[in-house]
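Notes follow once the structure below has been shown.
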Amino acid sequence: MNSFGQRFRFTTFGESHGKALGCVVDGIPAGIKIDENFIQSEMNRRKPGQNVYATARNEGDRVEILSGVFEGISMGTPISMVIFNENQKSKDYTNVKDLFRPGHADFTYFNKYGVRDYRGGGRSSARETAARVAAGAIAKLMLTELGIDIQSGICEIDGIKASTIDFEYSKTSEIFTLDKNKEDFQKEAILKAKGEHNSVGGVALVNVKNCPIGLGEPLYFKLDAQIANAMMSINAVKAVEIGDGIEAVHEKGLDNNDQIRKEGFKTNHSGGILGGISNGDDINVKIFFKPTPSIFLKQETIDIHDNEVECELKGRHDPCVAIRGSVVAESMMALVLADMALLNMSSKIENVKKVYN
Amino acid sequence: MNSFGQRFRFTTFGESHGKALGCVVDGIPAGIKIDENFIQSEMNRRKPGQNVYATARNEGDRVEILSGVFEGISMGTPISMVIFNENQKSKDYTNVKDLFRPGHADFTYFNKYGVRDYRGGGRSSARETAARVAAGAIAKLMLTELGIDIQSGICEIDGIKASTIDFEYSKTSEIFTLDKNKEDFQKEAILKAKGEHNSVGGVALVNVKNCPIGLGEPLYFKLDAQIANAMMSINAVKAVEIGDGIEAVHEKGLDNNDQIRKEGFKTNHSGGILGGISNGDDINVKIFFKPTPSIFLKQETIDIHDNEVECELKGRHDPCVAIRGSVVAESMMALVLADMALLNMSSKIENVKKVYN
Amino acid sequence: MNSFGQRFRFTTFGESHGKALGCVVDGIPAGIKIDENFIQSEMNRRKPGQNVYATARNEGDRVEILSGVFEGISMGTPISMVIFNENQKSKDYTNVKDLFRPGHADFTYFNKYGVRDYRGGGRSSARETAARVAAGAIAKLMLTELGIDIQSGICEIDGIKASTIDFEYSKTSEIFTLDKNKEDFQKEAILKAKGEHNSVGGVALVNVKNCPIGLGEPLYFKLDAQIANAMMSINAVKAVEIGDGIEAVHEKGLDNNDQIRKEGFKTNHSGGILGGISNGDDINVKIFFKPTPSIFLKQETIDIHDNEVECELKGRHDPCVAIRGSVVAESMMALVLADMALLNMSSKIENVKKVYN
Amino acid sequence: MNSFGQRFRFTTFGESHGKALGCVVDGIPAGIKIDENFIQSEMNRRKPGQNVYATARNEGDRVEILSGVFEGISMGTPISMVIFNENQKSKDYTNVKDLFRPGHADFTYFNKYGVRDYRGGGRSSARETAARVAAGAIAKLMLTELGIDIQSGICEIDGIKASTIDFEYSKTSEIFTLDKNKEDFQKEAILKAKGEHNSVGGVALVNVKNCPIGLGEPLYFKLDAQIANAMMSINAVKAVEIGDGIEAVHEKGLDNNDQIRKEGFKTNHSGGILGGISNGDDINVKIFFKPTPSIFLKQETIDIHDNEVECELKGRHDPCVAIRGSVVAESMMALVLADMALLNMSSKIENVKKVYN
């Protein structure tokens, strides 16, 4: 169960402090130019150790392609990519070897599997998301051929919400904020929590432009359902909203319906998805990240022998996982859309004939 | 793509105004007592036409089992169930035959498939959820054997939120409300909107007790991700929250972490899921339903020939889909947990040996 | 695990002596004319009770479509079909209620599931193949739109092999024989075995013409591998051969390779498949059916209480299952090819663009 | 489509002359001792360059585990393994860069994908099977915990059939022959063909002992059907037979049925599988390999520009692929059984309760 997608499918492997992590991306159509610089640039957006708002773990996150590309072109065969871990400090975890860190997966993994790789959370670490970004970069290369654009940013940190949404600005911001005017306050909130050995939550926004009408497979592979699935699979995500989803419950039907004119929908409360299928309008999705569970304050917990103990963590952690998480969310969106674009090809016999005639 | 689940898997079929709808449930262990009365009682909770807060379409929703059960016991073979439609009024849809109802899937289905069954929304109708409830009843029969309990109710209608949560009360309420003291206000809000030919939104809460620790398959079949997938696949759902998901983004890490004592977690902000795996605590999920898009007010739209028109719908509709939707959400939770319970069986070799020795 | 296929996927349900059997066919492109007469004509080719060479069980095998078709056209939604059982004689099985018929699945089902529907083999009965033929008819309707033709016949019965292959003749033959000159001998062999309360084996040949080049997904969904999977899933099949498969092991490489000229392959030893992908030449597959295990002679066996007993079966059975089995094999080929045709659509980005531009 | 299996699932990647090949094995229960020496010993059985009966390509086939194992124990997380290619001689393929080698997948890959990695067959090369053997070794480590044994050997080369079956002998034979008395003749046949720049076919036999009763999921994941699928996915395989499959078509029902006594089946014509489910008896499967298509004789073909040309191949090839192919077949059997063992765990509610109580 380490794979995602039906036709454009990726499988990831690797642990936080293991030798390497990586992915196998399967189902990529042949004939796509695979730009390794682009893949690396995507990795660099997510990679840790770049500023004070992220963990100090310093990883190059260099991607090595092992298969599936010949002379710079996708062959239709699986593209395997590996990222070797470089900056593990497993010693930081010696003191938590036998105990369950609150808010972490330690407790559930140990109970499920009977064993545990305690070093940095092992497989449950957000380090795994590096492999998602590598896979997502391949997905983006395919979506670019179809003219589909995806962008993301941070619309809330520690309760400080964006008033305006500026995706261009977020690309230059150290915290990927969507609202230039809120940036200083958001940064301050992060550093304050960090200074107190605590952490803050945040919300990411992912936006898709030029999505073709028709993506999403009813009834159990709807576009919004798969987006929810994809986003909720990201570490620390606890809620997902499509369009005006949460506000919509206070609205009346007349106000929430998007009426239609020749030139398109008059409003976009639906977030670009109707009946689980893209309607051609912008897709907007909000992803809610809880505050980082790794904090450096005393907490009560138990150990694997069921003794009650206190724990005080060490290690290097993001004070706000939403920031780098937004890049992962953007990658997951790309992976969902790439899959949906391939799945939708056979919706009508007319399209099937286009390929075979 | 009309199937859900890996090991406990159901497939649904049928349209709102077709001959019948139904499901095939596959992967049910042999030897479970299949209580047909229980299945029918679950159907009756969701079925329409029972009071002024629901659509007037009067369907008996009688389930007929065609296979998989012999002498009242599951055989390990697929259980197929059929519900024949009885109270279609397809004529109500003659005037919308060629136009796209705002807020509905008409536009996206027609664009995706090039054809459309306009009668009552066809396959995109929430009528399909009857089949989910039938499948969910089978899942519940299995979960009962493992001691797992699921309940649901309504915690918000038209912005009126529950202050207390009482699942027992909700079972007797016509609108499944969780807060007795808010019931009158919520009912009034529904009837007011209905009187104005409009509709309201709402929020359902699903709760699971006695869930074993360990359900959820990392990394791309996490319990929370599959719950999000399942819930977002229900008609009109636009957001899904696990535990305190939305509130959590305003909290600090220390406040949001659930610290642990011998007797269990001290709090349950996580909603019973850590790292995508159940932690043994109550699972709590909120599901946000938009206001019913079917309203009887003038709206602007276009028809299939791209002409701009006004539409005024007829037909029979729920003024608040969240109410009956909560039963569907409960069923989907049962279906997710049944699947997860079977998937988790092979997490450790120790468990594999239990079966083979 | 009662489903087959990835994109063109069918799920069957039902037992030999249950209320009904049927299937749900999912993934059918919208816009295909669904000719119910054709579906019924396919059913009639397989249906029992038509002559002395088949079982006397007399079933109309009338297919009722419950969903997915509107005004004679596929809607892109699941097509569900039901066949109600009419001519069960469950009493015939009273005497085998507690014992395991040799050569049958009774022993393995009981051990696997701990329970058993003893009436006519329950789910393990070849009666289930009626549902495959219904699904296969839908697949054929799609393949016809792409110009792909499938035919089948019997090339060996009780060791009497066809010397010539004439698919046209087989259509008119009561035993679907491919060689007119061997028909009398083959019929005689069947009747002789039947008279002795025994049974015979046989071999079916399935042939595909006008298959596009490129069907088959390396590496674990190769066309030949999926054909083998599909054919071996048919009751009583014990071997599958692609092209000259069995003879090829005695040949040298030079003789077995199909050399290529502008106008095509000079020979077709490969049976139209190279590297798991169709090469445009005729696909030829042989399917080996064991003699019917249901015979009316004394046999040694045990019962569910582990007592050694003798059994003498009653009931109505085909003296040679290969005959009607050939129609099922043809249907399975159609189902495999329909799936492969949809899967192959995204092999090159060029084809993806054809659909989206 | 580069993955195989449902619960015990592996995904392979890599091309013959690429940087590396490998696999990700997913679904392995936690707590299994992962013996790297055993994995390497399995690789060594298949690896090329060891004697005159195999290709001279000299690969160490050293497996490196990248994830999923901690302190020698499986963690329940995906095990990724990589084998770096060392002895490619891509120059050998310069002269076939633009032409389609008869009997190879060149023609079909190029037509399917529009591009081709011509070096050593790229992804279609049997070199990929190294990754299957690595994955198969993990499967064997799990099966050993359940007491299941698998063995294989060669029962026919160039028409010279084994008269006796001795799996112990085959382990010491350079050509894995099952019949010591036929070994010299078989070796001679291979060398003769090799001397003439030609190749020969062969048949492998795979045998399973101590298989639990009940493996195999009706109806579309039957044990025999999945074995056929698995075996036919191996390069050069053109037929698969279960038990006495091919001979059985000449037998009468009475002779072919395996009658049952308290101590077990009196005969094993069925090859250990009834109704698609293991019956506890030995599983026997024959796999038919065509003669190696890579021969060094003049052949007619066309190039990618549709010109008719003659080709004379260079390179290093096995004169009889069945030999090393038998190890791959054994690995595929292990992979199928590991998957089936996990799938079967939930066949009865009684077994589900064993895990949860």
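By written order: A, B, C and D. Residues from 1 in each chain.
Keep this in mind: a contact is a pair of C-beta atoms (placed from the backbone, for glycine too) under 8 Å apart; a residue touches a chain by one contact, two chains touch by 3 or more.
Here the structure is a predicted model, which means the values were calculated and not measured.
Path length between chain B and chain C in the chain contact graph, taken as the least number of steps between touching chains: 1.
Counting C-beta pairs in contact across B-D and across A-B gives the higher total for A-B. If you average the CA atoms of chain A and of chain B, the two centres end up 26 Å from each other. Averaging C-alpha coordinates per chain places the centre of chain A 38 Å away from that of chain D.
Work out the mean CA point of chain B and of chain D, and you get 45 Å between them. Looking at chain C, one finds that residues 1-3, 6, 12, 27, 30-31, 76-77, 112-114, 123, 218, 343-344, 347-348, 350 touch two or more other chains. By the touch rule above, chain C contacts chain D in their complex via residues 1-4, 6, 12, 100, 102-105, 107-109, 111-114, 123-124, 128, 156, 158-159, 193, 198-203, 213-214, 216-222, 224-233, 235, 238-246, 248-254, 256-262, 266, 270-271, 274-280, 288-295, 297, 299-302, 306, 308, 322, 343-344, 347-348, 350. Considering their complex, residues 1-3, 9, 11-15, 18-22, 24, 26-27, 30-31, 64-68, 70, 73, 75-80, 82, 112-117, 122-123 of chain B touch chain C.
The touching residues of chain A, when paired with chain C in their complex, are 6-7, 27, 29-32, 74, 76-77, 142, 145-146, 212, 218, 341-356.
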